[in-house]
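The same subunit A turns up in both complexes below, where it pairs with subunit B and then with subunit C.
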Partner chain A sequence: MNALLSLVAVIVLILIAFIGIKVASLHFLFGVVIPYAAIATFLIGVIYRVVKWGRTPVPFRIPTTCGQQKSLPWIKQSKLDNPSSTSGVIGRMLLEVFLFRSLFSNTKFELKEGPKIAYGSTKWLWLGGLAFHWSFFVVLVRHVRLFTEPVPSFLHSIEVLDGFLQVGALGVLISGVVLLLAVTYLFLRRVFIPEVRYISLAADYFPLFLIMSVALSGILMRYFLRVDLVSIKELTMGLASFSVAVSLEKISVIFYIHLFLVSALFAYIPFSKIMHMGGVFLSPTRNLANNSRMERHINPWNYPVKVHTYEEYEDDFREIMKDAGIPVEKE
Partner chain B sequence: MYDGGKIIVGLIIFVGLVTFPILYNMGKPAAMPELKLNTPEIQQLQEKHCVESKEYMRANHMQLLNDWRDWAVRDGKRVYVNSEGKHFTISLQDTCMHCHSNKKEFCDRCHTYANVKPYCWSCHLAPKEKET
Partner chain C sequence: MSKTPKADELSKIDYMPPKSGWMDTPVEFKQGFWCYGSKAKSLETVGFPNPRQWSPADEDWKLPENWQEIVLKGFKERLDKYRSFKVFMDICVRCGACADKCHFFIGSGDPKNMPVLRAELLRSVYRGNFTKAGKILGKLAGARELTYPVLKEWWYYFFQCTECRRCSVFCPYGIDTAEITMMARELLNLLGLNTDWISGPAANCYMKGNHLGLEPHAITGNIEYMLDDIESITGIRIKPTFNRKGAEILFVVPSGDLFADPGTYTTMGELMLFHELGLDYTWSTYASEGGNFGFFTSNEMAKRLNSKIYAEAKRLGVKWIIGGECGHMWRVLHQYMDTWNGPADFLEAPKSPITGTVFENAKSTKMVHIAEFTADLIRHGKLKLDPRRNDHLKVTFHDSCNTSRGMGILEEPRYIIKNVCSHFYEMDENTIREKTFCCGSGSGLNASENIELRMRGGLPRANAVKDVVEKYGVNMLANICAIDRAALPPLMDYWVPGVGVTGVHELVANALVMKGEKERTTNLRGEPLPGVVETREERRKREDRRKEVGRRRKREEG
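Right, the complex of A and B next:
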């Protein structure tokens, strides 16, 4: 049901773009206004969310750890899993961001005949996630060629590597294919594993379908339907320099569908789980050193407590105490 | 804000990356490159028309070239019949480059603009041109 709802939502998005261009001829709206609005929503939304997270106090060190914490000198510390210094935290964060280390330790629980419990390591989510994120990143970086003139030379090197299979005159780019396969795997995983299906919400399926449709429309545009790339670059360059001067009617509808889906994706990011791209850096369980035994961390919302010590009390009443024969500490 | 310094630095990097195209192109909108179609060979033509329509060629020339390669090299088919029923010899050097003898001002302009480097010329001989 959740999956179906998300699929319908994405199909509606595609139809909006299709009808908007084919029937209503709203080229300027879909080619200029919506992309700008989407990027503005994306930027402001992400900053708002991150600042809001930043204002939330983190009372104590709450790192989730998988290894031995720093202890006595003869006990070996697991420095990356349970860091006690900033450099250790940076190492853990880098490995998390670039290699998804915490997914690598994913285990699968099985109840076997007997009854016996078995835990096995499963690397499929890690592998699928890695393939998905990295190919998406390469695809994103490749698109920078549409927004720069002259195009930085490293972009061409990426494209050569990406297309080194040299299939066809145009050259099939591996990243696009891997992206589509990986996002399909991540979707099928949610459908076919009962435990994962049980916890999957519409907010999990929708981004998957959205990214799937973005990848599909891009692949269709590049290999099958063909678009006038030079006109598109003139539009994207115009967008990047705030001076759109291209005749938008020249560009075919598949481009507008792709652009609208991408706009929808960008605008959706601040409101969705995709915020994990900022959130990973702000996860208290990942970005805090486990040094609770070395440093005193004071709860930030502790208000100052007014105290009146015995010394002050004695200062106030020393003479009276002496007169009454009560022993005092300071004469 | 807690750890405000680090978070703000992170946000500045984020905004810098997202707005990279705007910063990179500051105030210089790059217009579509102009193609030169006035080679001597084209000027001699009575009907100035490519093998297919201009719009079709703009979007699909790479597919057409790919098909031509397969037909000529793999199937030995050397005649192309276009959508209007006209016949052309399938040859990059003798048909395409015969008219478009100005690779630098025709092929390369858009390819550079779109950051495309087709590998046509790793097998074919690029036409000799005067340095411009």
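Right, the complex of A and C next:
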């Protein structure tokens, strides 16, 4: 049900763009106004969210320690999994952000007769997630060529690497294909793994369908439907320099659909779980060093509390304490 | 108790989620899964809101009229005070990596015991009240209203989480359900919705210094009994001191170890070790609790209870502090104490008077874990040990949740065990160290009325023990946690009968060759040492002593 609703939502988005161009001829709206609005929403929204997180205090030093602490000099510390220094934390974060290290150690369990519980490594989610995020990143970087003239040389290198599979006359770029496959995998596991299906919200399916449709429309445009690349580049350069001067009608509808879906995705990000990309850097269980006995961590809102003092305690038990031979302050 | 299913029956678990969505599946309070509600008196003692007689089984929980307002205001306040809470409410992508990492999910199959869904119970209300998408799109955005059934669902499931943090290890963003459960329990606490098993000990600890409510003479008395036992086993009379000013070290243990087997054997071990070293240390009856059940109610209450340790260290003028074997106690001491009640600038950086080692890792908090202290002693060859006395034991080690995932003390206890025992075997690597499984009874869930929940939650741990029992003949489960020592014996009896439970310092003391000791014939439990044949007379004496100890304890409890 959640999946279906999300799919319908994405189809509606596609139809809006299609009708907007084909029927209403709102080229300027879809080619210029909406992309700007989307980028503005994205930037302001993301900054707002991250600043809001950043301004929320971290009262306690609560890293999740996943290895041996630093203690006695002859005991080997796990410097990455239980870092006690900033460099260790940076290492831990880099591995987490770039390689999804926690997911790499994922396990699955099986309850057998006996009962006997067996644990095994499972790497599919890690692999799928990694493929998804990295291919998305490469696709995004490739699009920088639309906004630069001359195109920076590193982009050429990326494209050469990305296109090492030559299929027919077309240089097939692997990143796009991997993105589509990975996002499809992420969708299928959500549908077919019962626990994951049970926890999935419409807000989980919607971005998957949206990204799937972005990738599909991009692939269609690149390999199957002819688009006027020169005009597109003129438009994107115009957008980048705030001076759009191309005749927008020359560009075919598939481009506008692609652009509208991308706009929707960018505008949606600040309101959605996709914010995890910023949040992962601010997670106190991962980005803090485990040094709370070495250096005092300050809680900005620490306040005095009512306690039961020793004096009150002794008043309650003075006679008992004396009888038990325990020294007291007041005889 | 009688209703608890047998082990073979209980281990038939269905993991298929129900047909109806989780928001549409109402909470059902199953017998054996929940703890009794807090007593009015306990709440009054510490000044908690809404003290009254109530039962979770009642339809009406006697809440204040504006309870929704109270909860939502408290929610907002905590979102603004804790980045962890705010970020964890926002960034979960529901990838499901945590789903099968929770011992309660593995043991119950209840989908609301998947960490992600446990958190969603709170997140759904967060979205409905504090996010734009949730306010506009409602259920589509995974949002819902805070209703009475939702509140009850919170109560039921946030007291089915032991704050063990295992899910946080596997989460790609480190989302820690312990943080979320702590916040949820704070919110429930605002309405007086705590459990008796937690609020009772917290109130005891506030007034009397320890969870069990042991008054000064009961503490000295209990230790006196232990000293009698030590004398009859070793021939040595130990004379510890209490509340002594000018001692070098203050020693704080979880009070459970002063009260019940097998924790008391751990305390006996510590007494023997410190005596042998000639350590200048003192016990305190005021700071007679290292554990902190306040931690399971609210941050503020935890701080109030914890304050006694530094206050007492200051009053007595000690130089530094050693803490005993306990799990959540060390989470609190390691990650919270200095921030709450520091700086402990009246103390000195801990330095072992025996080896001269300065514990750099505790130079600010000035509190050292006894396993760190003892490992250092052994490393420097300061203890005369005869591991053969433990030769009848095949030992495995259970890492406690808090000390492994909220501190990282993994090698120290292993090093000690390997030096005092000849036979040590690790459990499955997926069930130890940072991946260790909870005993099923942590964070104040070790009551008796929720025994089925505890046995279910303890299944993964017990099952990993069973595996090493079958492979290596393991017969002793060592640990460094007082709740483990209380919770694991019934868990073992239920799933893996025949496996004993011990603290690490009990093993140390059994192997420890003390100056001037007589030839030992029994271990601290009064059982014959390996190679020693017990005469009928000795056996009778041992059993009599056990019975006598039992009677004594009953008298004190009464």
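Here is the rule we use: the second predicted complex is superposed on the first by the 302 of 331 C-alpha atoms of A that agree within 3 Å, B and C clash if a C-alpha of one lies under 4 Å from a C-alpha of the other, contacts with A are read in each partner's own complex, and residues count from 1 in each chain.
Here is the rule we use: a residue touches a chain if its C-beta (ideal position, glycine included) is under 8 Å from a C-beta of that chain, and two chains touch if they have at least 3 such contacts.
On a predicted model such as this, the values are computed, not experimentally measured, just so you know.
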Task = Determine, under the contact definition given at the top, whether A:E149 touches first (subunit B), second (subunit C), both, or neither.
result = first
Query = Thinking of the overlay built on chain A, is A:P57 touched by subunit B (first), by subunit C (second), by both, or by neither?
reply = both
Task = Considering only touches as defined above, state whether A:L229 meets subunit B (first), subunit C (second), both or neither.
result = first
Inquiry  = Looking at A:G91, would you say it contacts subunit B, subunit C, both, or neither? Reply first, second, both or neither.
reply    = neither
Remark   = Winner on subunit A touched-residue count between subunit B and subunit C: chain C
Query = Of the partners subunit B and subunit C, which touch A:M237 in the superposed model: first, second, both, neither?
reply = first
Task = Based on the superposed arrangement, let me know which partner A:L282 touches: subunit B (first), subunit C (second), both, or neither?
result = both
Query = Given the touch rule stated above, what does A:H308 touch, subunit B (first), subunit C (second), both, or neither?
reply = second
Remark   = Residues on subunit A touched by both subunit B and subunit C 56-58, 282
Ask   = Can you list the residues on subunit A that touch subunit C in the complex?
value = 2, 5, 49, 52-53, 56-62, 64-72, 74-76, 78, 81-82, 84, 96, 100, 102-103, 105-109, 111, 114-117, 119, 125, 129, 193-204, 271-273, 275-276, 279-280, 282-286, 290, 292-299, 301-302, 305-310, 313-314, 316-317, 320-321, 323-327
List of subunit C residues in touch with subunit A within their complex = 11, 13, 15-17, 21-22, 47, 79-84, 86-88, 90-97, 99-101, 106, 111, 114, 116-117, 120, 131-133, 137, 140-142, 165, 168-176, 179, 206-209, 215-217, 220-221, 242-245, 285-286, 299-300, 303-304, 307-308, 311-312, 315, 334-336, 338-340, 342-343, 357, 359-365, 367, 372, 375-376, 379, 404-412, 415, 428, 430-431, 433-435, 459-460, 463-464, 466-467
Task = In the complex, go through subunit B and note every residue touching subunit A.
result = 1-4, 7, 10-11, 14-15, 18-22, 24-33, 55, 58-60, 62-63, 65-66, 69, 110, 112-120
Residue numbers on subunit A that touch subunit B, as the complex places them = 39, 42-43, 46-47, 50-51, 54-58, 144-145, 147-151, 155-156, 159-160, 166, 168-170, 226-231, 233-234, 237-238, 240-243, 245-246, 252, 278, 281-282, 300
